[in-house]
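Here it is, the structure, as C-alpha cells.
Naming follows writing order (A, B, C and D), and every chain is counted from residue 1.
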C-alpha cells in the first residue's frame, strides 16, 4: 500500500473526528496546566479544515496537507495553531507533487514536520510539549524504514504507538516551554495537551489506512 | 456555568458586535476576520499602533482603541491568541505608510502568530516593529520557562506608546518608548477564585474556600503557589515586594501605581489594596505621582487583582497625561 | 467568604481612604463622619449636588464626584443608608449659598435619613431640594410596597442634574431636571449569583446552578421571581420588555441605553446584552442616540446586569454630553 | 418598684448585649427578606450607645433615652436607625425630667415611641414591620395599667411577651413596607428582622428590672 490523496483526506477527516470526540478531554488537560482552550481550538481548526477540503478538494496529498496547514494557521490560534500549521506545511512541502507516498517519503515528511515545530517553538525533547510526541514518532518511523519495513501501515502504526508513549511520558515532566512552564514544578503530574492531541493525530493516520 | 451568553462559540463575535454598536462614534468593527479599528484609521502620517490577544481580558484591547492609544485591536477566541489572517488585514487597515507597531504580550501563541503576521505584512511592504510586553514578576525569565508573561503592564505600554504615536513620533521612536515602558513596569497578581472559560464550562482551577493563588496570570491558569487566605494588607505586601525589588525602586523616584481588578472583584476592594500599596510605596520613599484603579486587564469573572508599578520620568508622565479617547480610558479629550 | 479586605468593619473606611489617595486631584475625603467632596467645593454660585446611600455599589456614588456631576457623596455602611450626622456636614460643605440638591434612591432608610438631614440643613439656613429616584420597574409602585426602588438610573440623574448645576441652573431648575430624568428612565435587573455582604459572611441568597433571579435590586436582595437559566438574548428580552412598556417608548423616539453590570459579570457579557438590547430597540423603532456599558451601579461582586432606558430630548442629550470629570465617568474635560 | 435612671442604663446595656448576642440571627433574618445588615447595624448602634453613656452618664431616664436616640440616629443608618431613633426620642420626651417612672408613665412613653415609628414609617399593623411588635406591646402595657396592675415589672413582662408574640406573628405575613415589600409574596414565611430586634429590646427591659 502507498499513501494517496484519498488516504490523506480520510486522515484529516479522522483527525477532525478525534478532536471533536476528545475535545473535552483536551480542554481538561489544558485546564490543569494551561488555559482550557486546547480542545476547543483543535476542534474548531479541524472542522474548518473539513470545510475547506469540501470547498476545493485537493488533488495530491501535499496539496491536502498544505490546505490543512493554512487552515489550521488561520483558525486554531494560540500556540498550537502556528505549530501544527508549520508542521503540516513542512510535511506538505516535503511531499511535493507526489500522488503516492511510500514509507521512506512519509518518514521524511514527518521529520520535516517535526523540524518545523522545533524551528518555530524552540522546544527540546523533555520540555513537555508536543515535540515529546512527535520526536518519538519520527524516530520510530525512521527506525522502521531503516529496519526495512516494506509496508507503510507498519510505519504508521509504529509512529502512532511511539507518539502515544511519548505523550504518556510527558506526565511526570516539568514544563519548560509554553504556558505550562509558568507553573514550574506544579506542571508535573499532568499530561501535556499538545502531546495528547499529537498522539490522536498519529493514531488517526493508522485509522485512515485501515 | 452561568453566563450572560448565547452560545460559547458566539461569545467573541457577539461581544465585539455589541462593542461596535455601543461605540460606533469611536471604532469600526470588522466581523470576519475579527478586528477593531479606530474610526478614522489610517491616520495620515501617524504610526499605527496595534495590539491583540485572546479575548476574555476586556476592556483590553478593544476598549483602548481610539485617539491617543491603539489604532487597532485584534481579538482571538477566549484566551487564545488571534491568527495571522486577522492580524495582517488589521495591520494593513491602520498603516498610513508610517509603519505599524505590534504590541504583543509574551505568550508562545501570541508571539508565533504575530511573528507570522509581521512577516506577511513586511511582504506587503508595511514596516512592522514589535514591542514584547513581559511585566509579570511571578514568572522567572529563564531557560526553563517561556519567559515572563505580559499582563496588566500592557495597558501602560499601549497608553504611553499611543501618546507617542499620536504626537507624531516615528516608528522606531514609538516602538522604543513602548519598550522603555515595558522595561520599567513590573506586575504581580493574585486570584481569590478561578474563572470559567465559556467553552470549557468548568472553573479553570479548583481552590478551597480558604486558599488563594499567588502569581497568577490573566488566563485563569493556576499561579506559582497557593497559600492560605490572608487579609488585604498582607496580600498587598506579598504582591508589591517582588515588584519593588525587581524594579529596584529607590527613594525619591516617581512612580505610577496601577491596581488592576481581574474582573470579579468589587472596585471597593481594589481601593483597599490601593490604599495599602500607596502607603508601602511612600514608606519606601517613592512618590506616587500617578495612579489607576479598576478592572482593565481582566480574566473573565476571576476574583483577584494585580499590582503594577511603573517607574516614571518626565517624558513618560507627559505621555501618560496626554489626551486619550477610547471606550475604557478617556481624559483630556 | 474570600474578599480583599482587612476587617468587615473597616471596609468602607479603608476603601474610601484609598479612593481619596488615588484621586487626590479630584476629591477631598472627610474620614469621620465619612463623606467625599469635590476638591474645589463649595463652588461659588453653583447649586450643590449631593448623593449618598449604602456602600457596596461602587463606583456609585463617590466615583461620580467631580466637575459636572456630584459635589458630595455620602457613603453608609455596606447596603446601609448613611446617617444625618454624615449628610448634614456634607451638605454644609458643598453649599455656596445657592442651595443643595439631595439625590436619594427610594428606600425607606435612605428617605428617612435624608429627610432628617434635610430638615437639619434647612434649620442651618441651607435650602435643600430632594430628588427621589425610583426607576426600578421590577417593583410595583402601590400601596403594598415601599414604592419603586432607585437603581442604575441614579447615575443618569446624577450626570444630567450635575451638568445642569455646572452650567449655573438654580436650585429648583436643577431639581426639576433631576426629576425629569427620573420620570423618563426605567430599569430592570437580573442576578446570576448572589453577593456576600462582608459582615454577613454568607451569600445574600441561595441560587441553584441553573436558576437566575429576575427583578433584583442592588442590595443582594432576592428578586421578584426565580426562573431557569436562559441565554443572553432571552434574558435581555425579558428585562427590556417591562422597561419599554412602562416607559411607553414610541417609534422615532431617541433613547439612551445603559447596560449596567452588577460587579461580577465580565464586560464582554455586558456587550452581548447591549447588542441584543440595541437590536430590540431598533426593531421597536427607537433611536439609540447614546449608550453606556459597564459596571457603574453594582451590588458588590454579584453576577448579573440591569438594563436602563432613558427617553432623551435635545436638552437632556446636551446635558448628558456636557463635560464631566470624575473618577469613574469622564469626558470632554 | 419604679423605673429609674439605673434601670434605664441597665436596660440599654442589656439591649447592647442582646444585639451583640443575636447579631448573626438578625443578619440571617434580614438576609432572607432584606439586605443582610440589620444585626450589624443594631449591634454597631447599641455599642455606640454604651460608649456615649460612659462618656457622659445621664441623670434621668429621659436623658438616657435621648442620648440613646441621638446615637442610634447617627450610628445605625438604614431604616432601623431613624425609626428606633424616633421611638427612643419620643419616649424620652414623654418622660420629661422625671427621675422615677410609674406604670402609667411607662405605658404612655411606649405609646409615644410607637407613634413615632408610625409617624415616620407610615406602617400599619400587619405590614410586617417592627410596628407589629411595638403595637401589641403598647396595647398590652396599656391594658395592664387599665387592669390596675400596680407593679411596673408586670407591665414590662406583659409588653415583652406581647412583642415576642407580635414578632412571631409576622412570620406568615406578606411585607408591605420596607425592603421586604419588594419581595411581594416571597416575603411570607420569614420573621421580620425589625420586629425581632424590637422583641429583644422589650425583653431586655424585663431583664433590667429583674
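A few points about this structure:
Here, a contact is a pair of C-beta atoms (placed from the backbone, for glycine too) under 8 Å apart; a residue touches a chain by one contact, two chains touch by 3 or more.
None of these values were measured; they are calculated from a predicted model.
Note: centroid distance chain A to chain D, computed from Cα atoms, is 75 Å.
A separation of 32 Å divides the Cα centre of chain A from that of chain B.
Averaging C-alpha coordinates per chain places the centre of chain B 29 Å away from that of chain C. Chain geometry summary: the mean Cα position of chain A and that of chain C are 54 Å apart.
Taken together, the touching pairs link the chains end to end in a line with two free ends. The full set of touching chain pairs reads A-B, B-C, C-D. Within the complex, the chain B residues that touch chain C are 2-7, 11-12, 14-19, 21-23, 55-56, 58-59, 63, 192-193, 209-210, 212, 229, 231-233, 235, 263-276, 278, 288, 291, 293, 295, 298, 300-301, 303-305, 330-331. By the touch criterion stated above, chain C contacts chain D in their complex at residues 33, 54, 76-85, 107-109, 112-113, 115-116, 138-139, 143-146, 149, 197, 199-200, 202, 204-205, 217, 219-222, 224-225.
Against chain B, the residues of chain A that register as touching in their complex are 27, 31, 33-37, 40-41, 44, 73-83, 120-121, 174, 176-179, 181-184, 186.
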